[in-house]
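Please find the structures below.
Two complexes follow with chain A in common, the first pairing it with chain B and the second with chain C.
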Partner chain A sequence: MSTASELKRLYLKGKNRKILAILSIFLVLLIIIVISVSLGAGSPRFNEAIQVILSKLFPFLGFDPGPQITQTIIFEIRLPRVVLAVIAGAGLAASGVAMQGVLKNPLVSPYILGISSGAGFGAALAIALGIGVVTQYGGYIVVANAFVFSILAMLMVYGIARLRGVTPESVILAGVAVGYLFSAMLSLIQFIAPEHAAVRAVVFWLLGGLSTATWESILIVLPIVLVAMALIMRHSWDMNVMSLGEEVAMSIGVNSKQVIVMCMALATLVTASIVSFTGVIGFICLVSPHISRMMIGSDHRFLLPCSIVLGACLLLCADTLARLVLMPSEVPVGIVTALIGVPFFLYLLLSRRRQFWH
Partner chain B sequence: MLIIVVSSYGVYRLYVSSENGSQKETVTVVDQTGVSVEVEVPVERIVNIAPGAVEIICALGCGDKIVGRDTYSTFPPSMSEIPIVGESSFSPNLELLLELKPDLVIADEGLDAENRKKIEDAGVPVIIEMFMEPRLTTCIGNLGLILNAEEKADEFIDFYEYYENLVSERIKDVASTEKPSFYFEWYMPWYSTRPGDSWDELLVAAGGTNIAPEGPISDPQLSPEFIAEQNPDVIVRMLTRMDGEDIAAFQALRDDILNRPALSETTAVKEGKVFVIKNAVLVLRRPIGLLYLAKWFHPSLFEDIDPTAIHEQMIQKFFGVELEGVYAYP
Partner chain C sequence: MKLVINKLSFHYNGFPALKDVELEVSLGEVLSIVGPNGSGKTTLLKCINRILKPKHNTVLIDGKDTGEIGLRELSKMMGYVPQNSTSTFPFTVFDIVLMGRRPYIHWSLSERDKEIVAEILRFLGIDKLAMRHFDELSGGEQQKVIIARALAQQPQILLLDEPTSNLDIKHQLEILCILRGLAQSKHCSVIVAMHDLNLASRFSDRMLILKQGRIFAVGTPESVLTEENIESVYGVKSQVTNSVLDRPQVTPLGSVANGVENSKIASEITSKHK
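And now, the complex of A and B:
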């Protein structure tokens, strides 16, 4: 057997193993979705939930949706929340992969690059001081502010980085600086806020939560996340090439600068649109790519989809626990995400001998 | 000569002593922290950094004795001319504060032990109080003594107690099954108050039943599906300064609740029993808040009561100004 065909056989074997891993995580995600829809502070459980969902999805099949209150609980409260958790987890994980990939740095997340600080500042401006970029749309004042300021933060990062040529180092350093700037301004708002209640409200927003999930918010977030994920996916091969070094990338015809700017823009857009609705849920973007890398290696064509389904799993798990542990009260999801994510992450880190980051 | 006065307010003892041969007279009161504070009377210069106290001091006719304040002490309007010595009790500027040469500093729990000691070391007595139930009447009584305005203090306490008694009299025969269930929401969506806490006590005194469960968290974020299933008869949302103060701010908060899909099936939303109330009348002017709530919970029992009119009278009588702004909606 020639070496070439032996290599190809090994490659295909590895490829199949990776696809299998991704499919298994997807299956786990489906199971968690079913469990999550069946549990909550309200009384409806598995049977009622399935009936309501089937009757709404396939009205012509004649399923009995049950009493109105059950329909409201399942279809207006629990299901939108589960769906938003899946979308948000997936989107945050995808943006984590994109940023770590193009900046070739394992510690990078949209959070270290100042996006979350921008969002937090924007939200605090609206919550504590009532200053909004839009004033017409009631509940969306905070959302719009968070979105606009996180995009603004990223534009500032890009503008500063450009002065020294767009390289991973310049982007990261500019991001850290902008992040500190917005953090300081956020603290300033909390310090001068006219009410203690306002300070608390800002803190709770920063801790993150999905309790305000509605179909309306999903309709806004979903298209952005889907399109951006697809576009990031198209750059996965470029990210593979870039990991071999800038000279190699250039010789193959990949324009590193362009890829960095494109992927950063997409990752920012995704993160900003999610975080504006959910508050700062930091851990997912950092940790999902790492866990996925430990499981299936760093080929971005597989790493990205793997990370996406894993991120959805993690956030949905965290949010379901956040709803259940102190029932009927809830815990901010940001706390739970880190509490369950860290042990899982450490377990994988300590139980494998391979080197995951090169 | 030592005169011991047994307080008519019950929970504490106080001693008024006047030393033979000297002009010095002191009043000793026990504050919330359990410290006996000896204050030389008459007090002429007060720095008040307890937002709960300013309305009481002014109602006792001693507003002109306040020489320094925190940023929250904004009513009555004359306060705007008084210099600010700190954002709140958490962060007083001691240099500014002591420069005003106060005879007495009134602060709330935010004042830490070090700052209290520094002020006391400078020879200025410090009283720490939250000016909240269950110590509210005690606090008013204490201030009455210190400010030599016992009559006014009694009048003020009588006003409070008159309306508190009126409400409790009228709802005492209401069966617990007739008491509407309420969901109380303060500054953020789904954040409520657990039974036994300060907000809850007021709403229960007004004849409602809290849907929130007992629990370890004082202001729990309730699950929306839990609220939907509990099906509250009335929803009360608190408005704070950060929401705005004009009628539009009240409407916006009410509309937000009416339009939440999770609440669409509740009796409160279906019957339009969603009310917004300003926090000022839930804390400082508690009887006014109590009357609004009682009327919302039991409209037929309080048909003859007009909380806004009583509020206007109160402001007229104790502060001598006209009531301005919105306090409850609709």
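And now, the complex of A and C:
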């Protein structure tokens, strides 16, 4: 017979192990950030880059900021891109956890639920046909279109799901249907697009990329992602309880339907705001929660932060490689995430004894 | 805490499942609900727990309408153990039982929460399994974990839907002894839907027979389990004897509907034993 204090000690040990794992990944993320900022086309080398950043962060230490060109490359080109990659990776991973958690399905991602098809259709409308929901703000026509149409896709999913009660099954089925609808309309646009170049631009957008990152786009995305992630975190316990089924959740005082609607709305908002700036980067949503679950288990209180830092790491790694492998040209980041993510994911899946879909 | 059910009726899209159910359950009592498949046992449990939403003022706790009590408050009063329990994602036993504390916690756990969980795990004799994964356990162990989870809510009314139907006889007895013990030591009212008439007779203070959504009989096992009642509810001829434990014991002999063939077998069996 183990005593109560022994059980509590065991539980604490497990909890500390999870926190340690999250902190380690966070540390790795910081290291990757530094490495990523100091690599790339242009002159600044590793130590120069570090110096520039330190001089800006801690001006009182008296580091030499270096020539103007170095500063510009670091602060206007590389850093925004790195920061956007971190935010996008974190946000996509959080929305992946939320969607998989409330829909109780490990295969769910914005790809499946029509959000990315909506964004793709919106972007294509603007790029190929010049039709936009806003017309005044030049550079934001594509962004605004992608955002509005991905939200619209999710509203359609919700509207259809509501007809037969908001359950995980109805949301997923409605998501698949709406996704197909928007993909079909996207193909139609590419088919009827007047110029060949426009079609190519649409394809390029769909592959996703962070090359257009600016501080301005970060200022728009960051608050949305931070607030939505915090609100998703608040539902951690609810998502835990919901994995025991809707009826049991209800008997523990959790209204599954409300949590599904709330978390799906938040996850959609995060995904839509990111994807409209970066194009469709879907793989992080799917794979980051899985890797995290294999590492620290399914308790959403720990799974969410773990997945968030891991998602940031993965996307930043992928984007850094995307910039570097074919320098000076670039590989679309969506291709890189899949190329490095799939083998890594399969390795973890096969090397682990337990999986959760047995 | 007193549970009163008052003229409870329930329809699934116009298909009646419960009709005018009236019942009072007092503290520390084990009440078993029996009846054929589709007679409304599960529906009754779900109506009591407001997983299904019956009309107002049909289910009352201490005179208060459960429809007026919030889900969260209600979950501190009642625990529910469903027929089948699964977990979509892998959780440890400790984590699952901890989920029963959800009504009491907002974000962080108190020492008290962990103590309660540890205490319940020991009470059910599953403290050794605390750090194992739920889906690695046997059916009997899983059932205990799910009961532990419901107990972590510290309910005064515990509802269970066929908690023993997938278990071997050892685990059946263990689970039902635990439920008896709960009713006595913690003054919990235990309401349990069952198929096994003999187990129900052995472990309940009172039994309730449902037939097509209506209460057919309610009372002590001796008063409810009669050969006539069983024939008219289940359509099965049976012999009710007194078991070694001094409880009525039902031996089913044959189905009435199947006519001559079955009744012939039945009469052969009975004549042998007379």
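The criterion applied here is as follows: the second predicted complex is superposed on the first by the 346 of 358 C-alpha atoms of A that agree within 3 Å, B and C clash if a C-alpha of one lies under 4 Å from a C-alpha of the other, contacts with A are read in each partner's own complex, and residues count from 1 in each chain.
The rule we apply is simple: contacts are C-beta pairs under 8 Å (C-beta built on N, C-alpha and C of every residue); 3 or more make two chains touch, one makes a residue touch a chain.
Remember, predicted model here, so these are calculated numbers, not experimental data.
> Consider chain A as the common anchor and indicate whether chain B and chain C clash or fit when overlaid.
Aligned through their shared chain, the two binders fit side by side on chain A.
> Which of the two partners, first being chain B and second being chain C, lies in contact with A:245: first, second, both, or neither?
Once the two structures are laid over each other on A, A:245 reaches chain C alone.
> Between chain B (first) and chain C (second), which does A:14 come into contact with in this model arrangement: first, second, both, or neither?
So A:14 only meets chain C here.
> Have a look at where A:293 lands relative to chain B and chain C in the superposition and call it first, second, both or neither.
second
> Touch check for A:254: first (chain B), second (chain C), both, or neither?
second
> Scan A:219 for contacts with chain B and chain C and give back first, second, both or neither.
neither
> Which angle, to the nearest 10 degrees, do you get at the Cα centre of chain A between the Cα centres of chain B and chain C?
Vertex chain A, arms to chain B and chain C: 140 degrees.
> Quick one: is A:204 in contact with chain B, with chain C, with both, or with neither? Answer first, second, both or neither.
first
> Have a look at where A:350 lands relative to chain B and chain C in the superposition and call it first, second, both or neither.
neither
> After superposing the two complexes, find the smallest distance in angstrom between C-alpha atoms of chain B and C-alpha atoms of chain C.
Superposed on chain A, the two chains' closest C-alpha atoms are separated by 42 Å.
> Show me the residue ranges of chain A that touch chain B in the complex, using the header's touch definition.
Counting only chain A, the residues touching chain B are 40-43, 68-69, 72-73, 76-78, 127-130, 138-139, 192-198, 200-201, 204, 209, 211-212, 214-215, 323, 326-332.
> Considering the complex alone, what residue numbers of chain C touch chain A?
46, 49-51, 70-76, 78-80, 82, 85-92, 94-96, 99-100, 102-103, 105, 107, 111, 114-115, 117-119, 121-122, 127-128, 130-131, 133, 135-136, 149-150, 153
> Once bound in the complex, which stretches of chain B touch chain A?
Checking each residue of chain B against chain A gives 71, 87-88, 186-191, 213, 215-217, 220-226, 228-229, 231, 240-244, 252, 255-256, 261-262, 264-265, 279.
> Of all residues in chain A, which touch chain C in the complex?
Interface residues on the chain A side: 1-2, 4, 7-8, 10-11, 14, 101, 104-106, 234, 236-238, 240-241, 243-245, 247-248, 250-255, 293, 297-299, 354, 356, 358.
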